[in-house]
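In the two assemblies presented below, chain A is common to both, partnered first by chain B and then by chain C.
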Partner chain A sequence: MIRLEAVTFAYDGEPVYEGLDLEIPTGDIVAFMGPNGSGKTTLLKLIAGLVEPDSGTVTVETGAQTDESTESPAVGLAPENPDDGLFAATVREEVAFFPRNRGLPVDEHVDRALERLQIETLVDRTPQTLSQGEKRLVSLASVLSGDPDVIGLDEPTSGLDTPARDRLGEHLAALDRTILVATHDTDFVWEHAETALVLEAGTVHRQGPVEAVLGDADLDVESLGLRVPGPVRWAREHDFETPPASATEAAEWLGGGKQ
Partner chain B sequence: MTVIAASGLSVERDGGDPLVQDVSFSVSPGEMVLLAGPSGSGKTLLGKAVSGILGPRSTLSVTGEIRRYGTVGYLFQNPRTQLVRRGVRQDIAFGLENVGMAPAAIEKRLEAWAERVDATHLLDRGIDNLSRGETAVVALLGTLVTEPDLLVLDEPLAPLDERNRQFVLDVVDELRDRDATLLVAEHDSRGLLERADRVLLLENGQITASGAPGALRSDLREAGIRLPFETLVGLERARTDESASRPDGGDRQQ
Partner chain C sequence: MSRGVTFDPRAKLALVVSVVGAALATVSVQRASLLFGLFAVFVVLTGSLPVRAWTRSLAPVAYLLPILLVLNTIFYAGGQVYWSVPLGPVALSVTAGGIQTAVLIAIRLLVIAGAAAWFAGTTSAEAFELGLVSLRVPWSFAFLLSLTLRLVPEMRRRFAVIEDAQRSRGLDLSGGPISRVRARIPMLLPFFVAVIRYGYELSEVLTARGFEDIDDRTSLVSIGHGPADFAVYLLAVVVLVVSIVA
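Then we have the complex of A and B:
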């Protein structure tokens, strides 16, 4: 469980959180959503230990820990702006940094991360010369390669085309880790996340299963700076009770496959 | 009549593969062209090359012809990089100060544009206290006040939440109403496809398809461009209908 108790945090006197209490289950893909400025990134940084609360406590406990273990769980964070995290001369060096620091077999972890995101061809390139979408993938690979207990991804789908976005979602779903995704991409959340946490002005507006939160007709998703996921919007417009699993299924329903 | 025309344009990394290869296109006044392409297809390089801001550098060579019949304003993919001053008002004024406009005229122009795009409330803020969407709008304002003949927007919607996304799309609508000429690079066509007059599809540095947005939906999907869910459903239905009408069998054949 990741637990925040009475957390207060401010940037230069501007409060972000004032007495935030929050429990996040581990082992899930959890989506942090909310308008720009609602505190998503700060929450990721607090959990990753990149910033300390002004008061209150942040506790990260994962199933991977044993009672005897004194080490804190490893938390990796891919920043919102990939340029903020890229520093090595080559993509291979960049992606090798985290597993090397954790004492993991470097080549194996690097190759796997590059392969999963299908960016093997970039391996000898200089990260700074890549396109923004490619930088995003390298930034993601450099966190995934370290296989941390908690993976924090800040706007991971921003700048990614559809195939890359799908590959990322499938890879995350196959990982047995706690994955925290701060995002505006409600379609990605709908397809790949299990738990939704909607933040608004430093408070938790809603928390629950993704289908229950983003599929709730009574929740004014758009007033929270979010977009109703495509399948949910489509089902409402066509008077279907449940959203279709895919565009193919939706087309079948329209063709008479579902009453 | 064109605002910009590129002919046989290539961008190559020294000793490497071509990043943009033999691209030719033009943009007419008042037209909005969507430059769609998957990640790494060369959208940003092409946009920068035609805008004249690629600049001489040791690692890239640009060949071919680019004709510009007017001024170009450019919104960077990470708009924060183009904000140079602490205050929003001062930052937006920067471009006009550089062309020697009088302070009173700058102030008038700046207020007028801020009002047009509904951003007056941002003028007295500090640039460090802006959200991502507000940053994009402020950077865009810094370009708009110079009243360029062509506006190039590089993935203007990518980091934005729905509210800010709508804010930027409203600005695009306002510019369309004013007959602005726009070249917008994006891998996510939602919100832009229906606004564009024409789409250029860029894959591996080459234009592989171009035409009216409605005619290119299938090509865009195949290229990995993000489309609205309802458009994907429409494409699936068209595919089903097509296979059902074939004599050799289809989904609906008994």
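Then we have the complex of A and C:
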């Protein structure tokens, strides 16, 4: 469980959170959503220990390991722009950075991370010369290789075309970690996340299973700077109560399989 | 951007130029220290920039000062020799003159950085640009200078983002000054890439918006002198005259 208790945080006197209480289940893909300035990235940074709350506590408990310090992070964070983290001459060196800092067996962790994201062929390439999608995967591998219990991703679908976005979702789903995703991309959340957490002006507006939150007709998603996910929009346009699970199911419904 | 007393950018520029001129003109450690002290008092009294923000903007200079002090102490020689080690045909020495010169250069740097930080922290890029144009600086050149002013906070923000990206992968920034500097090496490449990309993107955006065809321009902001500005001009003249005469 990731637990924030009475967390207050301000940037240069501008309050972001005032007495925030929050519990985030571990083991899932959890999406942080909300309009610009609602505190999504700050929440990631607080959990990763990159910024300290002005008051209150942030506790990360994942399985047997509890980590409340930044010195040996149990939380790895991939930045919104992968270029902000990529510095090494080769992908191998880039991915080796985190396990080396944590004192883990470097080669073993690098090979495993590259294999899990299926980017072994990039191992000798220079990170800066890769495509945006490849950089995103290398950035993710460079976090995964440090074996963190929690992986934070800031706007991971930004700048990705649809196939790359889908591949990223599949890769994330295959990881047995808690993954926190700060994003505006509700379609990506609908397809790949289990839990949704909607932030607004430093407070938790909604929290729960993705289908319950984003499929709730009472939630004015657009007023929160978000788009209604495609399947939900489709279901509402065609007067179905629940969104279809797939395009095939939608076709069947239209064919008369469901009223 | 500014709180407390606000000044016209031209008046601020005059004061900064005179303080920098005075810092370069003085050859006395005591006078350079006095100049820094008086300028700090001015910053506090006018309240145009929070003191914490001013001192924080001087923090990067703290990395340079020890290097300057050591190098200048060794490479400037004069007066009583405290310590010396022969290195082939030359000798590295710590002398009274060397120490005095090193301290003087360090304080000069503090004065210049302090004045520049105050100016940058209290002046919007638009006001700076307009101030230069009113001083008959060609607009394109004034605009380029104002861009450098905009670049400072942007680059600071970029560096913070890059630092976070590396810290979240276990980068340890604790320890002594040397280990902290070494730990920051992985940040340099992303930082330079970000700076270069920023330059290219800005260049493209300006070209796409007809930067080369600019003639006379109007501005959304306006500047004008008030009573406080004339006091600042007077202060600038006094600082300059005292530094020359004394």
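One rule holds for everything that comes next: the second predicted complex is superposed on the first by the 226 of 259 C-alpha atoms of A that agree within 3 Å, B and C clash if a C-alpha of one lies under 4 Å from a C-alpha of the other, contacts with A are read in each partner's own complex, and residues count from 1 in each chain.
The rule is short, and it goes like this: a contact is a pair of C-beta atoms (placed from the backbone, for glycine too) under 8 Å apart; a residue touches a chain by one contact, two chains touch by 3 or more.
Small disclaimer: the values here were computed from a predicted structure and weren't measured.
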{"item": "Contacts of A:D83 with chain B and chain C, given as first, second, both or neither", "value": "both"}
{"item": "Touched partner set for A:G39, first chain B, second chain C, both or neither", "value": "neither"}
{"item": "Touching partner for A:L137 - first (chain B), second (chain C), both, neither", "value": "first"}
{"item": "Chain B versus chain C as contact partner of A:G202, first or second or both or neither", "value": "neither"}
{"item": "Which of chain B and chain C A:G169 touches, first, second, both or neither", "value": "neither"}
{"item": "Which partner, chain B or chain C, touches more chain A residues", "value": "B"}
{"item": "Partner chain(s) touched by A:G146 [first = chain B, second = chain C, both, neither]", "value": "second"}
{"item": "Which superposed partner A:P53 touches (first chain B, second chain C, both, neither)", "value": "neither"}
{"item": "Chain B and chain C contact sites that coincide on chain A, given as residue numbers", "value": "81, 83"}
{"item": "List of chain A residues in touch with chain C within their complex", "value": "45, 48, 50, 70-73, 75-79, 81, 83-88, 97-98, 101-102, 128, 142-143, 146, 152"}
{"item": "Parts of chain A lying in touch with chain B, wherever the complex brings them together", "value": "14, 34-37, 80-81, 83, 129-134, 136-137, 155, 158-165, 184, 187, 222, 225-227, 229-231, 233-234, 237, 247-248, 250-252, 254-255"}
{"item": "Chain A contact footprint on chain C (complex, rising order)", "value": "158, 161-162, 164-172, 174, 186-190, 193-194, 197"}
{"item": "Residue ranges of chain B touching chain A (in the complex, touch as defined)", "value": "13, 38-45, 59, 77-78, 80, 129, 131-134, 155, 158-165, 187, 221, 223-226, 228-230, 232-233, 235-237, 239-240, 251-252"}
